[in-house]
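Here chain A shows up in two complexes: once beside chain B, once beside chain C.
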Partner chain A sequence: MMRHKPERGRQLRKAFSSGYLFYLYLPILILPIFSFNDSFYISFPLQGFTTRWYAELGADPSIISALISSLQIASVTALLSTILGVITARALTRHRLRGQKSILTMIMLPIVVPELILGVSLLLALNEIGLGLGKWAVVAGHTLICFPFAVAILLSRFEGFDMALEEASLDLGETPWQTFWRIVFPLAVPGIVASFLLTFTISFDEFLIAFFLSATEPTLPVYLWGQLRFPKKLPSALALGTLIIAVSFVVVAFAEWMRRQRTLQGIEPGN
Partner chain B sequence: MSESKYMVEVLNASRQFDDCLALDNVDLCVRRGEFFSLLGPSGCGKSTLLRVIAGFDHADTGSVHVDGRNMHGVPPYRRPCNMVFQNYAIFPHLNVYNNVAYGLRLFDLSKDEKRRRVEDMLAAVRLDGLGSRSSDQLSGGQRQRVALARALVRQPKVLLLDEPLGALDKTLREEMQVELRELQQNVGITFIFVTHDQEEALSMSDRIAVMSRGRILQVAAPIDLYERPNCAGVAEFIGDMNFLEGVTESTASGRSAVRVAGIGVVEFENCLVSEKPGLAHRVAIRPEKLRVTSQRTDAEICIPGTVVSSSYWGDQSQLRVSIDGCATPVAVAAHNVDPLQDHLPARGSQVWLSASCSALLRFSEQGS
Partner chain C sequence: MTISQESTRAGFGNWLSVRAGYLQLTPGLILVAAALVVPLGLLITASFWTSSPGGEIDSAFTLANYDKLLERPGYARIILRSIGIAACVTLITIVLAYPIAYFIAFDVRKRKLIWLILITLPFWTSYLLRVFAWKVILGWNGVINSGLTSIGIINEPLSFLLYNPFAVIVTLSHAWATFAIIPIYLSLEKTDRSLIEAAADLGDGPVRRFLRVTLPLSMPGVIAASVIIFIPTVGDYITPALIGGPDGLMVSNLIQAQFGKANNWPFGAAISIVSITVVTLIALLFVASLRRVVGQIR
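The block that comes next holds the complex of A and B.
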């Protein structure tokens, strides 16, 4: 029967998408559930509600210092790679560079190079030139892997950029530097925010490079991994994970809210 | 301070791009307060010339003077010119008011003075009350006015306009032509207007420079350009033109007799440069200078022909008439003033074409 076909298609689609959503989010849901579970062991049935793992988190100075390290590294990395990304994306879109394609390939290469290789070679290189390890070493490594993402995001933003707008600003008496701040920057803000948030998240989540380069200043993922060896610390690790998810959610919601504010302003008369 | 007669002087300007010569030894002098048009087909170098004057491009050789000042090495933001861009380049993140006020930041004006100046300008381009509109709420015509106001509010010495009416539909374009011309006369600023639309150039300009392949063919007032083009290139580009083959028979004391294909021997009261008997050249006549009648007339030139095609356009009728001795039929534009013409000569009917000798133009084969 012809009429049943679309019906069956819809059911299949429904089954597929709900299956996909479960697969995607169920494991993540384990974290908050067990972070409030009053037991050291990750197993059903649940034992009872508690917030003591969260209290333990706050009482543990090494977790706090790992969190601070991670935030510092992620902020500096996001800032650095976004600034470099803006400069690169502008150079690639404004000027017709010789060998543009190979330059772009070179920039994008770190995305496909295994992080394990990057981590090891950075470890060797940094030791060799005597810069040592620690937060700055991690920032260097993270900037390396975040930079291609920043370029990719900003490139698409700058590609749609009308050169005449900059020329119009120059024509109206503004220097190239002022033109950048009055025209290019405000128009690129959505891309810059997106690049900052994405590179921040990548750096914040990254484990392998941080593991090799962080030395005595572990980032949150490195610290978490270290805690997994102690069964008694596992529930607070889950609590920590839950907090990270909550923060990520807030950040993404905030970014989306910001974006909508901008478009609303664009539609309603300003001033 | 020596007041130059000219507001903009371009001397010997050449500009070579990768594979084309965009400007080929261009000389251009634009008078103060003039509405000056650069007219030519796309790719003729008119936009390049405008960008060289604005400072967005540079000439490889030659010089540009604006108001007597050499513009060599002067960046666009220090030139006394402002530009209206082809697609207006309205800043999308600013509202109308802030777009217009954009170029006033570095002016030494108090807040009130600035506000008054912007609002006066908005009123001058009939955008009063729309200051708080955002750029994506504007129609094409309004965007054009914002671009105009934004440039004029700085009171530039020269306003450069790069095909500003090209993006508008026909009715709006004609409306804006009149408005733009009026505005120019009110503010008294020198306008240099780039266009590929000859009617636009003819109806608006004080003078027009016709460009082709990086060179200026002729600079003249609209009437001179149409009635007395200096070369076949200009004659061909401005309006419609019939070209006939001509060979000089004899020359004597500044007069010459020419055998014109399809017409016969015609006496001209002028000579071409180094004209000698036997010189082959082109003789031209505009379609509307030919009159179609069914009977022979006693005009200076009157030749028989056969109608090849005819079409009725309302205000005028377009005919193509083949005459003996001419390979291509000549075009005739008959203005439909006579009520007796209630029907057009049909295809194949015999007619007479008459014209006066003064309507014939001559061009030597070498072009300009």
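The block that comes next holds the complex of A and C.
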């Protein structure tokens, strides 16, 4: 009896968790199914297989220009927030500083503030100082929301560091700069790659800030938002969504895998 | 080693290192200051300005926007509705997330990493697309209705599925699941297993053990999850705009309209400031009272 009961609890939890996991993925699975459905209406029964919604995407020049904007913004954002993240996370782990906790709270603040508030206050600020909207404005907003994620990812990377390696390098006469490039950087590479890819994904997918700040250069999500109003455009919106999700999944799965790598091969002790 | 011991050992070197540390923090802090703190300050300032119907801004100090907010109960109603919806979402998400966090922390042995990656993966896919997917699922002619009609369970599409607060709550509690599961999992994972064993040895049954040991120890995770979910949910824009319909409109739609069609930025700023303040106060009160309750159980 005593042995039986906890087993049953475990079975129940396992069933619930598996069911919930399925539910988590359900909406994302709906999009691809209907993106191949040969009908303007997104409803059952399915009408047969087609790839015409995908063909429609390639024929639309405004999608291509939105895609290019998004790629440019996401690359610059990922680069900026990862560089800032490396510097910040290193300062926080390397030095014991007074007020560290409140500094960290301040850095994490952009995650908690609703994106709408970030969007409108940046809109207001850019307008007040007379800077125009567009790609650079979106980069500013996206770097702000990506920076805390970069710091969080890199903090967990730097926290596991063996300080002795750095000290040994300094003792052996390397300059701090050389030590950084030869010891710290290689050890941090998995974290840096993960940070770059994840911040890239956040920026690429972000809608609301871009909606306020992109003005005449819509990003892909802003373009998609515009399409959702037209029922005839829904199937190709599904196709576009499917592509975005597929790419995000591959990129993020790789990033998550990288993040949890202990070290890169080649700098493993003994090599 | 304490800081003072270290500084007596290598006073100057340490001072240099601390200075380097602060120096390295500057670029990040400048970013947050320039892109968040200053614009938020400006938002507060702008809430005391006024705007002509044409969108001309008059920056003379006035409380007119706040008076308008107080005078017309419609605004307060929408703010209250947003808070109510966010509270429901937070509660539902956490109640549903807890068993999974518990399962991963205590039951899963070998495949923890896979479970964690599977849970975080959907969070990284475009939020806009997930909300869009729910619209497709819940719609009048959508997946559920057309599915049920074609099997023959219903004759008429169910109209209560889309364009109301219910749909908003379903969509949001799905969207925020990861943010509930991970913090709760992290605090459960940290739980000292010997405490649970001790309670068992002292004759506590599984339920008492859970209520007196595991649950209180996981409260930091629950509190973190509530705050992380509640605050952004009150200000969510995409879900109420796509799924809420007129009855499911939330405060963010109101704010967006002031910065968009209505072209009354100062009033939009005032609504923003009022809702941020109210939400922050609620969150602080909630955290404080929950901490007290947990303290009393222990």
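We adopt the following convention: the second predicted complex is superposed on the first by the 237 of 271 C-alpha atoms of A that agree within 3 Å, B and C clash if a C-alpha of one lies under 4 Å from a C-alpha of the other, contacts with A are read in each partner's own complex, and residues count from 1 in each chain.
One rule holds for everything that comes next: contacts are C-beta pairs under 8 Å (C-beta built on N, C-alpha and C of every residue); 3 or more make two chains touch, one makes a residue touch a chain.
Just so it is clear, the model here is predicted, and its values are computed rather than measured.
Asker: Let me test your reading of the model: by the given contact rule, A:22 touches which partner, first (chain B), second (chain C), both or neither?
Answerer: It touches nothing on chain B or chain C.
Asker: Quick one: classify A:168 as touching chain B (first), chain C (second), both or neither.
Answerer: first
Asker: Now for A:40: first (chain B), second (chain C), both, or neither, which partner does it touch?
Answerer: So A:40 meets neither chain B nor chain C here.
Asker: Thinking of the overlay built on chain A, is A:84 touched by chain B (first), by chain C (second), by both, or by neither?
Answerer: Only chain C; A:84 stays clear of chain B.
Asker: Look at A:253 in the shared chain and tell me whether it touches chain B only, chain C only, both, or neither; answer first, second, both or neither.
Answerer: second
Asker: According to the stated criteria, A:186 is in contact with first (chain B), second (chain C), both, or neither; which is it?
Answerer: First partner only, chain B.
Asker: For the three-chain arrangement built by superposition, which of chain B and chain C touches the greater number of chain A residues?
Answerer: The partner making contact with more of chain A's residues is C.
Asker: Can you list the residues of chain A that meet both chain B and chain C?
Answerer: Touching chain B and chain C on chain A: no residues.
Asker: What residues of chain C sit close enough to touch chain A in their complex?
Answerer: On the chain C side, the touching residues are 3, 17-18, 20-25, 27-29, 31-32, 35-36, 38-40, 42-43, 46, 96, 99-100, 102-104, 107, 113, 115, 117-122, 124-130, 132-134, 136-137, 139, 141-143, 145-147, 149-150, 174, 177, 206, 227-228, 231-232, 234-238, 242, 252, 255-256, 259, 265, 268-269, 272, 276.
Asker: Flag every residue of chain A that touches chain C in the complex, lowest number first.
Answerer: Chain A residues touching chain C: 5-6, 9-10, 13-14, 16-17, 20-21, 23-28, 30-31, 34, 41-45, 84-85, 87-88, 90-92, 94-97, 103, 106-107, 109-118, 120-125, 128, 140-141, 143-144, 147, 151, 198, 201-202, 205, 207-208, 212, 221, 224-225, 228, 234, 237-238, 241, 244-245, 248-249, 252-253, 256-257, 260.
Asker: In their shared complex, at which residues does chain A touch chain B?
Answerer: That would be residues 162, 164-165, 167-175, 182-183, 186-187, 266-271 of chain A.
Asker: Okay, in this complex, where on chain B does chain A touch?
Answerer: Within the complex, chain B contacts chain A at residues 54, 56, 75-78, 81-83, 85-87, 89, 91-93, 95, 97-98, 102-103, 105-106, 131-134, 136-137, 150-151, 154.
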